[in-house]
Amino acid sequence: MGCIVFLIQCDDNKGLLSNITSFFYNCGFNILHCHQHSDVVRKKYFMRIELSLKDLNTSRKQLENSFGEFSSKLSLEWSVHYSDHIPRMAVFVSKTSHCLYDLILRQKEGEFNCEIPLVIGNHPDLEYVAEQFKIPFYCLPVSKENKAEQEKEALALLKKHHVGLIVLARYMQILSRGFIEEYPGKIINIHHAFLPAFEGGNPYGRAYERGVKMIGATAHYATADLDRGPIIEQDVDRVTHEDTSEDLKLIGRDVERKVLSKAVRLHLEHRIIISSNRTIIFSAGA
Amino acid sequence: MGCIVFLIQCDDNKGLLSNITSFFYNCGFNILHCHQHSDVVRKKYFMRIELSLKDLNTSRKQLENSFGEFSSKLSLEWSVHYSDHIPRMAVFVSKTSHCLYDLILRQKEGEFNCEIPLVIGNHPDLEYVAEQFKIPFYCLPVSKENKAEQEKEALALLKKHHVGLIVLARYMQILSRGFIEEYPGKIINIHHAFLPAFEGGNPYGRAYERGVKMIGATAHYATADLDRGPIIEQDVDRVTHEDTSEDLKLIGRDVERKVLSKAVRLHLEHRIIISSNRTIIFSAGA
Amino acid sequence: MGCIVFLIQCDDNKGLLSNITSFFYNCGFNILHCHQHSDVVRKKYFMRIELSLKDLNTSRKQLENSFGEFSSKLSLEWSVHYSDHIPRMAVFVSKTSHCLYDLILRQKEGEFNCEIPLVIGNHPDLEYVAEQFKIPFYCLPVSKENKAEQEKEALALLKKHHVGLIVLARYMQILSRGFIEEYPGKIINIHHAFLPAFEGGNPYGRAYERGVKMIGATAHYATADLDRGPIIEQDVDRVTHEDTSEDLKLIGRDVERKVLSKAVRLHLEHRIIISSNRTIIFSAGA
Amino acid sequence: MGCIVFLIQCDDNKGLLSNITSFFYNCGFNILHCHQHSDVVRKKYFMRIELSLKDLNTSRKQLENSFGEFSSKLSLEWSVHYSDHIPRMAVFVSKTSHCLYDLILRQKEGEFNCEIPLVIGNHPDLEYVAEQFKIPFYCLPVSKENKAEQEKEALALLKKHHVGLIVLARYMQILSRGFIEEYPGKIINIHHAFLPAFEGGNPYGRAYERGVKMIGATAHYATADLDRGPIIEQDVDRVTHEDTSEDLKLIGRDVERKVLSKAVRLHLEHRIIISSNRTIIFSAGA
């Protein structure tokens, strides 16, 4: 049962819900799900509407033109997503395999509606993982000297593979502003700390030093401002004085997997709107 | 900023969201929040609409008549709730004070939009708590012989105090079917176990015997079928082999408080619809 | 840095800790970790002592003889485990792959100190998973008629592969009492419910019907009494009225993985003592 | 069933556990609980021993002299605590009542082994709470000009009431270094954020701005370095884009209560050793 998802944002005004839902009703759609959010501080309105694809009785182009016309009267910003368009997700990795395996397995087991056409590593260590699942692996080692060149190469690969989402699965290399701006709102990073605590390098070592009683992980959209992009999901787990910083790394792996996979799923299901460095998350269970 | 909440349920049909929101838009209302749920198994539709009270430009009676007429065409079951009508909540207790204190304090600190006009105990033990907050306390000890009589007395008190919600805050006495049916969907009980595990008496002792690694609590609407009413909220906490059944009791108190107060708040904010022994919960954060 | 673990249980008595630690001190050992538990209800004493292997200045046989002599004076029941003895774990599966993958990956990534010499399935579906990691897979389909024979075959394989731990990773077939008694305290099962709630079949469907607000999973030692063996670990996750029983299955997978892997790790690190259908868990972080 | 608790720390060495437990065994004690921790990074050893008070067959003075002599040979730092010595806890407050109520109620219900001889507020707002429970309340408003003087007054009150533990229950005033150094390791503060995130003022407002998906609270010992003292306990709760900074405050109250009460209980049960700005927590359930 395919579906169509509209993500909409605009200034808050009376009648938006009624007007927009009437538009779709008049087009013959059954509305499967409809979530709204009014940001009373910034006076903004956000909406996610999920329609049944089988109710579509025009071409997609016609639907988009027709909604485009309607939306311009109400000054809506919007995007539309069809569930039969399978997004293509690239995974960037370095040396640790747990997040890569987790993403591949969830995709294979049907939890993610996407394809994984390639894995890019700045080290060759995880080529064997990609191979186990017959996914092309590209090794693009990065040094100060060749960074610009290698990013160009990576961008070429992403274009060639029609990639729509990039996941940095413990990719321990900072992407340039230029690279990031090629994929605004389409690069998800996992930071192995409960942001804004422990921004930057070696968060587990610093968490150990500070003597925290919980460690966390944060999935966020990558922006030019390192570890400061819009947060999608966070979670934590308990640690004790017994745990060395090596133990924190081990415990943290489960939190990282959980947080990153949740964020990826939310993105792939078109449940996220980014607004002013914050995310609106229209979760399934509500 | 007062509000009006409509809770609606009906058979699922195309156009419900559009039709209902248009009704309110045409009445001049701004829709503050609108949640829906389609039960695809039972083909039922559920809705919670929150409107701004200041947009009401007719009498409440007129609004209700007008919506009543509209709703009968669509075969909606519905109720309406005005935030300036402060519900009156009675608390039933026995000997343990933690839930009673918690409810009173949350009411006092503004977390619950209600009044607590009376506390009823089947033991005199907690009279001092009610007194500390100047709430009338009625002691109605129950034996096999006087149960019918005491319930009648309790019902009279509830009527006299215009009580709209009854909370059984670790009230260790089983209410008769007749009593419960006087307040359908208006009696919330806390069971000190993760239902359906450990229905009935002495759940902590039985949890200890079974060697569980977590204990829980369940808030549910009371029905004639003991511990089997619609579940509103559940939570758990970890325990270990070190914990005796006395320790479980202590640990459980925090879970009970948390679960019961959450359920009461959801009820008071008109976020719950009961359907076929299940609850639809329209939570705030979504 | 290898280690030796002693697990000890006996009637509770004065001086046990002092006597036992003095024994090891006099043998020249540094005690890395020492956990105790006094069950005041049953008047039993439990202990886990972790020693540094490099302090061993006799043969293992001599250590065991010497401790055996010492222990018989104090009427201790005990077992000893050397970290350089790598246990061999067999995984039994049916059709769902998530727990199998999780166990294999954790073993590969160094989280489990064990080998996985074989996977046994009553269906051929997961052969490809075993193959990806070059683990021998044996398909032993079970019917009423051939059950005894197939279990005999399985036992022969387990003996041949020197298996010390059997993990039922969503193995949807009931093992006979005879089979289970061959491996007392050495078969770990994952039940996809928060026991004792929803013992038996189809727990997610029944959880949906009951309208619970959390679902759980329980790892326990298998005993002849189905789903009633000693509980090792439990956990839960939230669900809502939106979640169908299919959704519960999906959400449950993460809980199952977490609970099962935790239980297996505790077992492999010799942190569990079974006593009267309860487990004493000497966890790392304390 | 009274008990004696010894807290011990020293450089790590072979034989400490055996030697120390033998000392107590030779004095005729049954060891109820014994926890150890070896900090392998700093090469330090920590221990908590709980003895049965009824086994004491000398005077307390004699026990302490005798252990003092023994400990000086092993260069132990130690303290001893008798459960029949009821510590006296002062609570410092400003205007929000939830932590104060929580502490008082837990003390009243037997969860804390302490007395609360006084509450000190820098505002008069919470006098009524203290009065409800007949606890003396002292209002000491603090300005730049009178700060030194008011702290002197507070110190005099604390001495007069023989206070052994000070809890800053959302006390919104910074204590001077001089004051804090009068009670080293005896002042517990609750910070309404998941430290080290959001040190300093207005953490909920800043958490809202950053768009975090969880908020937390941290209980720590107060040191001259604001919000940087040794962490005792932390916890978090989920928030969403719907929650304004006012909502975060409300949600945070439950986390604050939970975290602060846990920390206070750990302190009162002598389960904490401070070492190099970290805490060793010997928790009950292990």
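We call the chains A, B, C and D, going by the order they appear; numbering starts again at 1 in every chain.
The rule is simple: contacts are C-beta pairs under 8 Å (C-beta built on N, C-alpha and C of every residue); 3 or more make two chains touch, one makes a residue touch a chain.
Being a predicted model, the structure only gives us computed values, none of them experimental.
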item	value
Which of B-D and A-D has more C-beta contact pairs	A-D
Taking each chain's C-alpha mean as its centre, the one farthest from chain D	A
Chain B and chain D: spacing of chain centres that average the CA atoms, whole Å	36
Inter-centroid spacing, chain D versus chain A (mean Cα positions, whole Å)	41
Chain D residues counted as touching two or more neighbouring chains	240, 242, 283, 285-286
Of all residues in chain D, those that touch chain A in their complex	37, 39-41, 194-198, 210-214, 216, 230-236, 240-242, 244, 277-281, 283
Chain A contact footprint on chain B (complex, rising order)	14-15, 17-19, 21-22, 24-25, 30-36, 38, 282-283, 285-286
Touching residues (chain side chain A, partner chain C) in the complex	97-98, 101, 105, 109, 111, 132-133, 238-240, 242-243, 247, 250, 254, 258, 284-286
